[in-house]
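So that you can tell them apart, the chains are marked A, B and C in the order they are listed, and the count of residues begins at 1 in each.
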């Protein structure tokens, strides 16, 4: 556990009396791809929101490289090396791709150069014309754009919320390639939310299954999916 | 054989193009100490004629220069009353510009603009009249008070939604008005501070040289506001704010890439509040007095009408609107309340028909023409516009 | 606190609530901040004054000085005010809703149009009728009751009862009628309502006319206490807006609660010796700022939270 890059301990979150997360603890090493699965309403996205600071957890802590970042805001966490993408492919509606990159480069000091942006765009396989308005991009290009914007600062950890939703199979293959490259060559830690188990089985090093705000299983994808508790949570009426 | 008619595809707006000598290296003027150019020239080879063409990608700076030059050249030859109207126009236009910075660029729906102007104007005037500071200090005290007032007002803006913040600032303006009218030391003058010392000498006041001097000062104020507008909007701050402009999703994106947009908004708010403080000080000096009238709702609505008629969120809108409304409001005093009705009618008509005020009419018309020509083109095609995209490639007169 | 103060506070609260509910319902269902509510208020007041003035000789000739005459007079005043209010609502619908409801920037543009309407109408009234105040015939007659050592004027009692009645009727209409159901559907989710076949255009007209009629009732009732004048609408508009916001836009219960709070606050500040009437607005806005600092979404937000 001493080379843990990112993790959380005993996170609790509740909205108006309803428990969303109860005592979630996770850890992630650098160069590891952690898959996060769970049925609808298991609290996966809420966990991400707590990770990136958009929700305040009731108790528990989030740490990055040994530092406690529980009290920091979203952009602070981004600045200390925690990237996050969203399930819906969001981009700035009134900027072009080039302007988006420029804004990202100048988000905080030290400002980056155009070369960093080009490097990040290549890493994210973003090959569109930079003069196109970001709002006219397709879903996959939008995802690549936000990924490129995050990669520009070479983050240590990337949280990806269902990056494959709404993509066709060929695009998913390309995405897999991009993510594996980030993990294997750049030793970033990636946490990936995904509904489809077979995708995770193909790409993840380790899988955590979340159900009703609790971690119910952890291990390699193959082991986890054979776990009876996971089966019960996922395929409610399989054994019945 | 039938004769084929050919239609123009997508008429493009005509543009004036220079044809420079392709062999000579370009030598462009730069703004001193920066890498910025004065004008946005773009060179390209025309694919048909293979000639080098140079066009001005952004013609707005040119129009601004022409307009402002014409204004400053013509005004000294006008009548006395017109000169004072021009000066008042400059003051209103700069307040509008700064307000547009707050509402449009920073996206904070503040109605306390005039309150900030008023508070700092009062503070500056009081420092002159009651503390005996000489008049140049008014131009220092104003921005300082504006800075403090802006910082205080900015604090709740991140917590409150648009309309609620508007309500809060409206409340602040009302509180300021009541507070000023209730001040003991000002009761003889109905809450106004008079006899403010000014950059216009005492015996020139309301004389032609005094009016011209006042106009010159007001014009400098307008130039200053335009400069601030330009500095904020086309540099880093403006870019960061445009990333987080439309709605929650944009804000989420901005945060995800590490942009602290709240801080950027507050910075813009405080900056323009300080500038509004300067305008307040100038206002007190120009009129040599300041009255609680500046906090009133009517005055605020007049300013709002200016912004709306010109076009919300645009610099040229703020200035054009200020010109129109000031001319009606101050130029036709003899027609009484009819002029307010006239302003309201203009506001009504402009808002019903124009998407973004008078200055947005041109873009709107171009969009409309584009849409109509697209519709006509679709009807001309062989299936009456019902071609699928993949078939459309084969239609020769698209 | 004595009973007279409570009655006065309730009187204010009922008028404010009538205005605020109109603004609140309109915002949440049609998505329009109606700045022309003040113009509607003033116009209804003038309509009531004009019609009652015109019909006075006829009523006097038919009924003489009987009770029937005053009843007729009262109903003429109320009816003309309500009709004028509804008519103003229809005008707002035609100018500020129909031409732009499917165009970009609808909410801001409708706000601007209604604001322009408000300024234009108030100035036109000022220009045509002059700034002089006009008294309306008393709907509830003169006189007062003695109750627990305090005198309650008829008009105050009538205002409170009448306003409550109108509000209950409105809420019942919203609750039980088919149109009301459509309006409530639009209040909760405009898009969803459109998907399930509720026409925005068809629903907006009755909502605008209803809120206009509410302003008309408020005008007729308030004119029992003060006079009709072109600028009479400004204060009720500002109060209505602030209360609608304070209550949390779109929350009817929040608006009523806020109206009662503000009514009492104003009544109490008005009688505190060293503050007095001049500080009423001051106190109101200070209170609102305090509330907004602690509850950024108004009182309605508080109710929503506790319900969850």
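Quick note on the criterion: a contact is a pair of C-beta atoms (placed from the backbone, for glycine too) under 8 Å apart; a residue touches a chain by one contact, two chains touch by 3 or more.
Everything numeric here is computed off the predicted structure, so don't read it as measured data.
J.: Determine which two chains are connected by the greatest number of contacting C-beta pairs.
T.: Highest contact count among chain pairs: B-C.
J.: Report the chain whose CA-based centre is farthest from the CA-based centre of chain C.
T.: Relative to chain C, the chain with the farthest C-alpha centre is A.
J.: When you average C-alpha coordinates per chain, which one falls nearest the overall C-alpha average? Tell me, please.
T.: B
J.: Approximately how many whole Å separate the CA-defined centres of chain B and chain C?
T.: Here chain B and chain C have centroids separated by 35 Å.
J.: Between chain A and chain C, what's the gap in Å when you average each chain's C-alpha atoms?
T.: Comparing mean C-alpha positions, chain C is 51 Å from chain A.
J.: Just give me the whole-number Å value for how far the CA centre of chain A lies from that of chain B.
T.: 41
J.: Per the contact definition, I'd like the list of chain B residues that touch chain C in the complex.
T.: Residues in contact with chain C: 156, 159-161, 163-164, 167-168, 170-172, 174-175, 178-179, 182, 297, 301, 304-305, 308, 312, 336-338, 340-341, 343-345, 347-348, 351-352, 355-356.
J.: Help me check something: in the complex, which residues belonging to chain A touch chain B?
T.: Touch list, chain A to chain B: 52, 54, 73-75, 78-79, 83-86, 88, 90-95, 99-100, 102-104, 106-108, 146, 149-150, 153.
J.: Can you check the complex and tell me which residues of chain C touch chain B?
T.: 33, 95, 99-100, 103-105, 108-109, 112-113, 115-117, 119-120, 123-124, 126-127, 234, 238, 241-242, 245-246, 249, 278-279, 281-282, 284-286, 288-289, 292-293, 296-298
J.: Which residues of chain B touch chain A in the complex?
T.: Result: residues 236, 239-240, 242-247, 249-250, 252-260 of chain B touch chain A.
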